[in-house]
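Structure in structure tokens, see below.
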Amino acid sequence: MSGFFALVGRDIRIALRQFSDTMMVIVFFVIAAALFPFGVGPEPNLLARMAPGILWVTALLAAMLSFDRLFQNDYDDGTLELLVIAPQPLWMTALAKIIAHWLTTGLPLLVASPVIGIMLNLEPRGFGVLIAAMALGTAIISLVGALGAALSLGSRRSGVLLSLLVLPLVIPVLIFGAGAVDAAIGGFPATQQLLVLGGLLLGCIVVCPWGCAVALRLAAD
Amino acid sequence: MVSHMDGFSGTGLACVRSNRIVFAGLDFAVSPGGALVLSGPNGSGKSSLLRLMAGIARPAAGNISWQGTPISEDPEMFFARMHYVGHRDAVKPALTVRENLSFHAALRPGPTDINAALDRVDLAALADLPARMLSAGQTRRLTLARILATPAPLWLLDEPTIALDYRAVDRLRGAIDDHRAGGGIIVASTNVPLGIDDATTIDLAAHAPEIDALWGDESTGEPAEDVR
Amino acid sequence: MLHRFANPTRFLRLANAVLPWATGLTILLIGAGLYFAFGASPADYQQGETVRIMYIHVPSAWMAMFAYAFIAVASAVGLIWKHPVAHVCALAAAPIGACFTLICLTTGSLWGKPMWGTWWVWDARLTSVLVLFFLYLGFIALANAFDDAARGEKASAILALIGAVNLPIIKFSVDWWNTLHQPASISRIDMPAVHTSMLIPLLLMAVGFTMLFTVLVIIRARAELADRRINALRSARIHAETAHSGA
Amino acid sequence: MSGFFALVGRDIRIALRQFSDTMMVIVFFVIAAALFPFGVGPEPNLLARMAPGILWVTALLAAMLSFDRLFQNDYDDGTLELLVIAPQPLWMTALAKIIAHWLTTGLPLLVASPVIGIMLNLEPRGFGVLIAAMALGTAIISLVGALGAALSLGSRRSGVLLSLLVLPLVIPVLIFGAGAVDAAIGGFPATQQLLVLGGLLLGCIVVCPWGCAVALRLAAD
Amino acid sequence: MVSHMDGFSGTGLACVRSNRIVFAGLDFAVSPGGALVLSGPNGSGKSSLLRLMAGIARPAAGNISWQGTPISEDPEMFFARMHYVGHRDAVKPALTVRENLSFHAALRPGPTDINAALDRVDLAALADLPARMLSAGQTRRLTLARILATPAPLWLLDEPTIALDYRAVDRLRGAIDDHRAGGGIIVASTNVPLGIDDATTIDLAAHAPEIDALWGDESTGEPAEDVR
């Protein structure tokens, strides 16, 4: 277990030492969301209607940008080999990295999302559900993204390949996440969508660290 | 060659990279306190063999045992008893020298002495510098400090002296001698003489296969009829 | 001894034996199927001539799912028993499955325009088939994205296994969510007057497509195996030359 | 000049040897564009209205993903040092890399955009202008993106950093590009917007290779 | 030391990295046919000096001249006459060995002989293999082939023998001798003896500043008061 915490601690420390990195995911989120009023035109009604969708899509794309370095640096400098032959289960190593990733990018995205909601004229009664859904959603995205990152490790142009692998797999997150917010805005309960997201999260927690571990072992080979 | 119940050994090892057999039919055995040096020209498979020994890659044939147990049987037990230093340095430029070392030490069980290790490789004065400020040789020394920070009876070193100055090479040699005096085993690949006089040497060039196509017909190396 | 884990001879012998039969059956079945579908079967009383799209749409939808299941199973075999031919088969099947999926998507859209008044709706059935298509693309891209082919095989095999979760979603999406799309029941086609005249060509086409799939997989797998063999021989020769000149 | 063509040739050859890579940018483009209907809901009218905006934003984001490796590989493996001390003007080197980038990603995006237009129910009369605007726009994006990539070289997570640098710079492209398509859909001439894009392109051709050269020299130092 | 009108020289060179003076007051001069070896312990600034010489980085003080002209005056002219081989290999894994070499050759003016260069480093048999399949030493040899493929009177080599086997080292030494016999100049840094008997040697350790923190207090090496 000491290795587990050492790994989480190290990744967070690296992220904090370059604090601007964490900021950047958020700023990308903000800018990408801000582009839409330019592209679509600033009519408040249209924007408010699109807000949940834009929020989720841009959060996803922002998270996507952070994945390509999740294992890449460790892979390039030989740390990954050492993690693979460290005397602790590899899925625990993978889980530690995933948790560190969520803490350094998922959490900031979560914190930033209400701000973007305001920018996009999201209706006030959507905010509570937005945050709940985002919490579940970003965790799923971290898990699935890590799996994609591990699978595409060592490939050429892993960044784009990664998007190709991850985006289709997180489509359900998008549908139910945006659906939950839409429901809340419309005044309906969003319980069902949130339950589905919770179920997806549980499934991912079971499958992804294991898949990551297999993929990482392959990558080191 | 007999398999040593108390040492590190491998029999009938073969390594395949991109469909090509690099070496085959390789046996080795080292007993406690022993040293094995892998030599051979560039591309003969020294690094590949070390990666097999470390359990990073799987041999295409044959198996490797630690104290009589195949390493694939209980890998974690084996990993806990082994240090591997490859071509690449596993050093994070953003972390300080000490943080880098502590991280690697925390991944492993057993007692840890960071300061002694840094002292031993003459990096104590640079301990709180970010690793990005190190020169090639200093970085390599930081990598080698890893094997001194936590104890392990087996050291696998891939060209450990690369980029080191003569003083650092002397210190490394001293560390290796101490390790062996305590019953440790060392396997090192190298292109320059390491100065371990009583080491067994395996010349990888002697294990290059004669016909090395995986898919070929045994005698001619031609594809078999039915594929065409 | 090294041949044991890599020699595809047995597979090739089997494949070569099956291939002519499968080819013959493919031509026969699809030929007959097309004849019945476009010549000998009546137009539907509701849907008119557009119903004939069904004879392509439904079999290719089935094949899209079948091919993915085939890939998932082959991938599992490759990962667990480390049989290289299994990976070769999975890779050979992927583009074919992707084509069937694309055919299903396009014929579905073509059918959707007259039936639903739109080319595309974002309902569960259509969405999950689109996700299947992306999974195929991801599988192919991942398999080809590595310098080391063996690595690509294994990585894509893991993806195939995880992506298999999508198959039950496609199958049952029409039951779980109510959608525009027909629920899965052959009885839907079981309309009194046209029963056998529509069912026969449909089944002919379905079996014919399966045979076509078999033929294409065998051809592609054989080509891939030969390719690998040539590569291995070439690098072996190069290596032999270096060893020679080095001595 | 032989160095110029050697560089363009090498980059294209690397891209072609890994043909699937070029495909991946397009596939990302397609997937990202396809995500919007999920998030926003599939109503054809709403989609058609948003289509130009979504098209441009996703093309931008897709291109963005391809930049982080534009100079990074050369930087990591030491090729960049050698390019900096090659006996030809560094801006020519930069221009060669930019041209190769456009040929391997801008051009495919251009080719794919009508397909996405169809997916998003874009009105038929918008297509001609869409392609013209995309041709100008992708070239600008390649130029500006290369500048951003050069500037952010050597920092970790340069992918995200460079989005931050590049996105604000290409907002004008987005506005006029989407504006041109909107105009065409509305039945107005889009000449003015296209002229502005052309002007931007000229400006970028003058400024960006030079800026790249300066940034690259700094990065190698 | 006089500046050679027909050679390669530098005066009063100083190098600063991350606010620390690595060396200062360093002069060197090599005439045609001459060789200069940079030695010194790890971190003494060998690589840093070579990068100054190559024009990749600018010296903090002093200047460097090629045939009497400061290199910063007409860098392109200087670059055309110089080969630099650094720690990193500049090899693209996706391209074949030959394509890698041709690319680097095309960046430079003058006659090119790819095949002869590959022959010389014993890679002719691997010419059409993708470079990713090379081992550490083979990759290094490919890097060294660059300086043989197109002629240039000045070679700057940073630890050229790293990862090479003894045969390759011999070949490199032969190439260096030929180069010098033709009036070429070579500057090489190294931690292991290169075996160039008549080379001038600069010991970087001798040029380390006494007070080596730009901001530090002279006597203690502690940061000065005002920085805190």
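Letters are used for the chains, namely A, B, C, D and E, taken in the order the chains are written, and counting of residues starts over at 1 for each.
What we mean here is this: a contact is a pair of C-beta atoms (placed from the backbone, for glycine too) under 8 Å apart; a residue touches a chain by one contact, two chains touch by 3 or more.
The structure displayed is predicted, hence computed values, not measured ones.
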Chain whose mean Cα position lies farthest from chain C: E
Angle of the C-alpha superposing rotation, chain B to chain E, to the nearest 5 degrees: 175
Pair sharing more residue contacts (C-beta pairs) when D-E is set against C-E: D-E
Centroid-based (C-alpha) most distant chain relative to chain D: B
Chain A and chain D: spacing of chain centres that average the CA atoms, whole Å: 25
Inter-chain centre distance, chain A versus chain B - centres from mean C-alpha coordinates, in Å: 37
Chain A-chain E separation of Cα centroids, rounded to whole Å: 45
Set of chain D residues in contact with two or more other chains: 18, 21, 24, 27, 31, 38, 41, 76, 156
Junction residues of chain C, two or more chains touched: 127, 134, 137, 141, 145, 147, 235, 242, 246
Junction residues of chain E, two or more chains touched: 87, 94, 133, 167
Pairwise touch network: line, ring, star, complete, or other: other
Chain-chain contacts as defined at top: A-B, A-C, A-D, B-C, B-E, C-D, C-E, D-E
Residue numbers on chain B that touch chain A, as the complex places them: 54-58, 75-77, 79-80, 82, 84, 86-92, 94-95, 99, 102-104, 106-109
Chain D residues touching chain E - in the complex, by the definition given at the top: 2-3, 5-7, 10, 13-14, 17-18, 73, 76-79, 81-89, 220-221
Of all residues in chain E, those that touch chain B in their complex: 17-18, 40-43, 47, 87, 133-138, 140-141, 159, 162-168, 191-192
Interface residues, chain B side, partner chain C - complex: 14, 16, 18-21, 24, 41, 43, 60-61, 208, 211-216, 218, 221-224, 226-228
Chain D contact footprint on chain C (complex, rising order): 118, 120-122, 127, 130, 134, 137, 140-141, 144-145
